[in-house]
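Here it is, the structure, as structure tokens.
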């Protein structure tokens, strides 16, 4: 089974997700500065989710490039990742429309942590399909960044119920540490 | 006529369908646990339809890979399959928003059975375009799983009007038996 | 300039259009047979537009296959065609939600005739980019079917204000004469 | 890193954006000429945004064709451009639904100017990844058209608060000067 179609399908789904996010940016009821100001929290979460999906596309892309083969398990692990990513527009809209209320902010974190776990599962499926000395395995290494992100999400979820802005801050922090394409893999590519 | 563009178009349509499903997950009017709990049936159907479309993508992918050529009849049979799949977001939304009412649950089954029949027609069109000793024909075999799924759908439709949860259970059951990529074809691929 | 990316972009846009049509199928307010029956005209137009877009994809595909090169003029003629096709979900929704009222039925015809003219312009742009003895030019021939369709649309638009069902009948008639992939081009392909 | 997947992802996102624009064309509440006439400003902005996105696709396409390699910086500059383009359906809907009110018209200009700046940044990132004598660098030249467009947008934003139709006129003017594919690059391609 070729990895081309897996890449094309994943690219397609992520491209659609990143684009339909905008459909959840509801037109404000009015055309004055007040209407624009009321969109600020929604817009902030929109930017966050956009970058978040961009990072997944980027890292997914790097991982696929280092991979050499694909099997049935990888295909389902990939669909599992896409499932959690597919919920991003929904939680983004919920969080935005409720002006960053505690529960939606926590659920946003739950979707993020599930997507991160799904990515880890996909990464493991890719690695077990390649030998112990493969380029991919060497490139992923200890995956400190991945584990650290999971810890941040795990902290942000309960924090949402106490100081939701701190939770949002943690989400932004995770986005910032990932914004650079993964040097672990890139540096090992020809 | 090349099969590449057929694959690309089908992949595109299925990727969009699986993604716009999320647009039917309406943001609940509230931000408390009650609002979240009220989304449970909708969410369940969302997961079901997501996996269902994922299975079609997967099997379509395997069938195209085993195929060697494409003709006008295959093209229309493929569009016919995509038509029934295109109704999935609609019936998912209807079933979710009416909390799994009898009629929408039955119509969900009607769309599933029509999609399954369309897939069978497409499979037949593919097979008749290939010789009797083709890899594809050998790979499909007796298609017990396909026939069994049709029987399950046929049972679920009337069942929807009596105990709709049993119908939903049958849909979940069919999804479970298909979740593994079709070994009939995969095992015969190089 | 390669024709691959033109094909990919057009396929992408048509695949998205054919898919987002379903987003205009609004969930009916109710879950009984009455609710389902009230969807019939909407559903009929949905099917019509789906097949209509499928035919464009199909013929566009055949034309691109016969083509050998692409230039700036073709690119804009193609975007012009996509523009008219992009209005299909809107007119479909309007016609469906107003239960086939005269004006929306006429506007549906206007969009169809503009799309057909845009296709003719694109076809001409393709032909002038190829020599007088090209495979494409020979394949298109007199384009009787295209001219006949234009005449049907031109008749259907005023007819919408008198007997709108006759106009809908004409649209269905045009769809039926196009449902077979264009043999003029296909028969000349290797 | 290959430029193929960057092109495919960008094409995908722009194709989806240009298509979901139509979802913001809300069906008018009525089926008479009055309902149709009330859609005129919305429709005008729809056409403008459609052509605007078409131009970006076109120029992006030409730039990618002249490019020979891609790096991490280009990837993020590209995502940055897609971010601003992704806001086009939102500002189009806002401007259309408020019948070209001053503030939405100005914000439309802000999104246009940010997209133009993002394109310039992407162009610079592409050029710095290629040598001083590269085909791309020679092709872009002084980019008078790009700088002139930026000046037009900068003038249109304050103008929106005084005579919004003049601002809309400036947007149309910029679209007109770009509608021809960039001869600077095209003429230098083989």
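Per-chain residue numbering starts at 1, and chain names A, B, C and D are given in the order in which the chains are listed.
Convention: contacts are C-beta pairs under 8 Å (C-beta built on N, C-alpha and C of every residue); 3 or more make two chains touch, one makes a residue touch a chain.
Predicted model, so just to flag it, every value in this text is computed and none were measured.
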{"item": "Chain B and chain A - chains in contact with each", "value": "none"}
{"item": "Interchain contact steps from chain B to chain D (minimum; 1 if touching)", "value": "2"}
{"item": "Interface composition of copies chain A and chain D: same or different, split at half", "value": "different"}
{"item": "Rounded Å distance, chain C centre to chain D centre (Cα mean)", "value": "26"}
{"item": "Rounded Å distance between chain A and chain C, as computed from the means of their C-alpha atoms", "value": "37"}
{"item": "Sequence positions of chain B contacting 2 or more other chains", "value": "8, 12, 16, 20, 23"}
{"item": "List of chain B residues in touch with chain C within their complex", "value": "1-2, 5, 8-9, 12-13, 16-17, 20, 23-24, 72, 75-76, 79, 82-83, 86-87, 89-90, 93-94, 97-98, 101-104, 107"}
{"item": "Chain B residues within the chain A interface of the complex", "value": "7-8, 11-12, 14-16, 18-23, 25, 27-28, 30-33, 35-36, 47, 50-51, 54, 57-58, 61, 65, 179-181, 186, 189"}
